[in-house]
């Protein structure tokens, strides 16, 4: 497929898909908490943008609603909540020393290739012009998991979790113009509640081990001391 | 009322004997009710079995229980009838014995109603196993039996040893049961259904038949206590109340034998002689190993438990011979082996029951199980001593009592080896017979030791010195079994005339010649090959007594202290101990046991001074523990530790797992 | 139809009501009453389904057939008995652990919220809704896990939350892929996630996409089922949360997750024609079965031990569903029922036990039969039932599964045999010292309500000795649904 | 016919009485020959009868705590051995009593006697008795399999365990050089030496606690009881002798019940036993008593011989 042949909006979609992937990499590499949250917010913005564009191209009006939802939740509400929590827990300036980011980024790029390899059958099968972006969505999901695996800080893990959600949502949009409305609403609700609960947990964790370092949550295990 | 209904009565009465006492307020009456019901159950079982056996009838029907498409099939034929009698006899004796015996448990801290409940369901389960005619109900009954007996083993759970025994027992019962289940599964796969009828019908390929046989042999053998999967037996049997030990050793092991016979001779339609060789060898091993271990035991009940292993080995040898002959195309000789096995099943049930009840009586009065603490009981407990002696003579396979008949039949079977084509077998069988002879001789030695140390000589402890004869109920129970020992020993021809309906059912062959010459002469093959007339033997012995004691009585009898070599009077500590008695055999067969023996000599000061004290410690351990069980345990624990390593406690690791699993799956599907 | 709405309405109402009055002393009774009402409604629903066949709600949002209707009844029943238990239990806990009003409100209302989520997941026709409900179940219970606020409980809750969240996210991706495959062939986009529609058109769905979808769904719902190595949240959550919650988690949540997995498997099988999904399930099931059996040997906490045994049993069911075929599936369905009955009963007992001993640590619990015979015996008998001894129902189901294995995969019967033995040893080596022997000083009886245990045991006996005809038909219909046929000559 | 059976039974009883009557004579003969060999003044042949008679006349002395078992044992032992004697053809074959017991039951009788003897040894509670019983049972449990092995070899050849049938078979077969018989003979002889408590296993003439086995068990017996036990021992020795003699050299034994044949039979068995007695004495004079823990090797060797006999029987004589 030749990018030049596509309409501007399609090109825009593809471009922003690339940007989303980029934001995922930023989250992977970013050691500070606050920029991490910003990166996540940007990802949300881009996602909303894409949703709107897809709605524009495909004329699927219900996608506008989900675009709005995305913007509201992923771009503003959740980042804002996270930030506020970070401030209240006074961790927004914390720096998490990564073992070695370069290896991490290497693995990340390997994951991108892998996800492309995985999504090939889907891509062949799809009728949409922007189908190649499916690979990106898979990559975003896997990168999100990688973030959760790589990060010790609870907030970072939440961000990774949320970016997985982004990836899913992204996939839904670009591969199938989104899910049925009722499902979308349900998912949105769950995400919201999840975010709130995460907030609650930060305080509980903080109260129990007076830090948000999840690597210290290892009392329950089967290895004999 | 048909025999089958009577059999139901037996089962229900047994179950009720467990349940009803819960409703009775006062414990004393509760016990009475329980054992009265057990007696009813026992008599019903005997009647049902006898009518099925003598009438040679086969009754079958379905019960509205079980799985939707697999109702419980029950069936009562000559084989199960015979085992009904075996169970009934011992249970009857127990129901006389129990009420008085359990008195001392009523004051104990363990609720005897649990005992009633468990033993009731234990017996009901055993009877149901005999009735079951499909794999599902069989397994249900089988496991009910196991669980109930487990509760009996752990009844006095304040002792750690009992808990350990119970755990080992239930674990091995579980493993064995799954083995049996798999065996049935193989048959059902080819038979098309889980009913035994379907399995009989199914034509199983030889290889699969062998697999099924191996599984069943493993499973049933584990329950029967064959070497090397016997470890639970010497732990579990001694720790139950004695009348339960009598049931477990005397009857439950036989139920396992029943299962094995049902599976091998009945369900696996055409047997292969190779199986027979396997059974014969393992049987010989169990017999020899069992008796050697029994010989060195101190604990009376533990000794009896090991001797049960020996007798199971003997039964297996008979079955093995029978399999060899049937597989080799000599059904008549196979029938002799089968009859020998069945006869020994009955005999062992009777005399082992008797011996355990006797040991219970000793325990009841002296609270001692250790032989070294007994002695001289023949003066204090004459009846118990007499019946125990009968049991010892019977189990040592001495004429004219019953143990001898079955072993003699086994010898006769083995000596038919020339009929076989395979020369190796022709040599193997007589050697097996020689092993049997060795076993018999060692058994005799063992029980000389038991009786001589426990009942003869002088009392070694205060308990033994102040023992009294046991109450009437217990005596009745024991005398009943003792009388049976004598009857079964003296009238073998009659008994065989009844039970040779079973080979007719299983291998379509009777023993016409065995009973051909009247009740006086037992001629299994033909009179000019071998004959035995137990009644005449008994007559002769009685005659010599008559002549000696009545016709020419001794003029005067003088009682004097025994010859003490001139060193003052003999004390009871100068007697030969059971350890000393067993020492020569222990040295001759040393490699069999794992013996730790240490002698500490304490001297006053310098090395050559005369010793002031001498301490001798002897610890004899079962080799199979070290060789088989402990390694397995270690493997499992090691594996568990290894698997524990994956659960690090770090959420990141766990995420990594699911991440990698995802990648892995994606990779394999694309 | 009304019965269905009624059922869901009651559940929601209970949630809301108890959110308000959950702290009041009689809240426990109210919760019991509401649960009883649910049972009644579910029975009504079941009756309707059995009489008039599967029922599909207007708007095709909900769908009830023989497969899920019996799970619905099971859910409400276990919910009911557990509510009975939790009434007195939580009162005791509230005193001992000093749970405030807020937490009690949270507890009671979340209890019903969880049940609502379970029911919604069961009746949902739309796979998207199913997903939402499953996630909702996690969200409802995650705060209950940490209700004691001990470091361990918070840690457990966090792991539960994160692992299940990530897992369920995979499931969502699988659902998206499913949707993606479906909307190629199904004209109306809104129907493209309806299970009924998908099942009807499964043959025409694209295999490769469905395979990918299945992988994601397997990871997702498999995490909730507790398949090794995705199981790590399970023991923590079970052992650290309040016992009633452990009971319903083990008794219900795992079942429902497995239910979702099986529903998806039906689709995939319909599309692929191969038994790939089955093989994957068998693999995971066997691994979980063996691993959990070994884990049992290392347990120091009574509730943790029983949660590992849950993993073991779920592994067995997964394995059986993987085998497929009439016998195995029937066995698996039966095992679902009997396991959740036995396991919830055991958790109820374990809860009381830990109150008696004042700890959950196994080595400090001794001589229960001496301390409180009723409790000791029910723990012993319950474990015997759980270990698959007759005459209890688990024996029947394990019998079926084993024989099905011998029929189709004879050599896999061997690892099953080994696994069963190992697991049994693992359970009993810990159980015996707890029930037998002399109790330690300071172990005093507590007021217990063993009615739930008794009820479950009676049911187990009934199922084991003589399965009632209607239940058999029920399982039969479900089996037909799952395997597509009732192969009598396979039944042996 | 009944006439015939009555006669047969009568004859059988007479033969048995002769058997137990002659037993002390054999013992006396052996003692006498031994004395000659050791250049000692020999007692008369009938000395054992005198001893028995004296013992029978003596009063009955019992240890204080002797139980009824102790008193019953002599009768049981004696009865068992008389029974055994009744089943062994002495001068005539096919006597009805031979059908009471085959050779395995014969071993059973010996075992029965031994069992009660050992119990009696433990009854008084002296160390000697216990020691004797322990040793006796040890030796027996090793010798019994060897004996049965030897017997089986014959049984396999003759296809019967009934003694008189077996002897008849050997007679009918005439002189056949069977290697299996040679081995069986040796094995059986060694067993017989062990069972009858002869040198090198046991020494009937000793009363040193370290050496005695059989004597230790009967140490507490006196009077009639002792007489019965002594007599039983002599019968046992005689039985083994007759077994060896009549199985391996059956010639001369009466097959028909007419006077001539019976006469020949008497002479034949007398001759055989005389010879055997001499052989035994020679052996006992040249060999020395061995330690208790060398006995297993001795009996093991006996078992090996019997086993070899059986193997040769299967391999060489019948083949496959």
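For clarity, chains are labelled A, B, C and D in written order, and residue numbers in each chain start from 1.
To be clear about the criterion, a residue touches a chain if its C-beta (ideal position, glycine included) is under 8 Å from a C-beta of that chain, and two chains touch if they have at least 3 such contacts.
Keep in mind the model is a prediction, meaning the values are calculated, not measured.
Among the remaining chains, the Cα-based centre furthest from that of chain C is the centre of D. In terms of C-beta pairs in contact, B-D outnumbers the other of A-B and B-D. Annotation: 101 Å between the Cα-based centres of chain A and chain D. Chain centres here are Cα means. That of chain C falls 78 Å from that of chain D. Averaging Cα coordinates per chain places chain A and chain B 70 Å apart.
With centres set at the average Cα position, the gap from chain B to chain D is 35 Å. Each of the following residues of chain C touches two or more other chains: 158-159, 162, 166, 208, 212, 295, 298.
Contacts with at least two other chains are made by no residue of chain D. Contacts with at least two other chains are made by residues 641, 643-644, 646-647, 651, 655, 658, 662, 666, 670 of chain B.
Pairwise, the chains that touch each other are A-B, A-C, B-C, B-D. The touching residues of chain C, counted against chain B in their complex, run 158-159, 162-163, 166-167, 170, 208, 211-212, 215-216, 218-219, 223, 229-230, 232-233, 276, 280, 291, 294-295, 297-298, 369-370, 373, 384, 387, 389-391, 395-396, 399-400, 402-403, 406-407, 410, 413, 417, 420-422, 424-426, 428-429, 432-433, 436-438, 464-467, 469, 472, 476, 488-489, 491-492.
Chain B meets chain C in the complex at residues 64-70, 109, 111, 136, 139-140, 143-144, 146-147, 154, 157-158, 160, 163, 166-167, 170-171, 174-175, 178-179, 181-182, 185-186, 188-189, 192-194, 636-637, 639-641, 643-644, 646-647, 651, 654-655, 657-658, 661-662, 665-666, 669-670. For chain B in complex with chain D, the residues that touch the partner chain are 375-376, 378-379, 389, 393, 396-399, 404, 408, 411-412, 415, 417-418, 421-423, 426-427, 430-431, 433-435, 437-438, 440-442, 444-445, 448-449, 451-453, 456-458, 521, 527-533, 536-537, 540-541, 543-545, 548-549, 554-564, 570, 572, 574-576, 580-585, 587-588.
Chain A meets chain C in the complex at residues 118, 121-122, 125-127, 141, 145, 148, 154, 157, 161, 164-165, 167-168, 171-172, 175-177, 179-183, 186-187, 189-190, 193-194, 197-198, 200-201, 204-205, 207-209, 214, 217-220, 222, 224. Taken in their complex, chain A has these residues touching chain B: 114, 117-118, 120-121, 142, 145-146, 148-152, 157, 214-215, 217-224.
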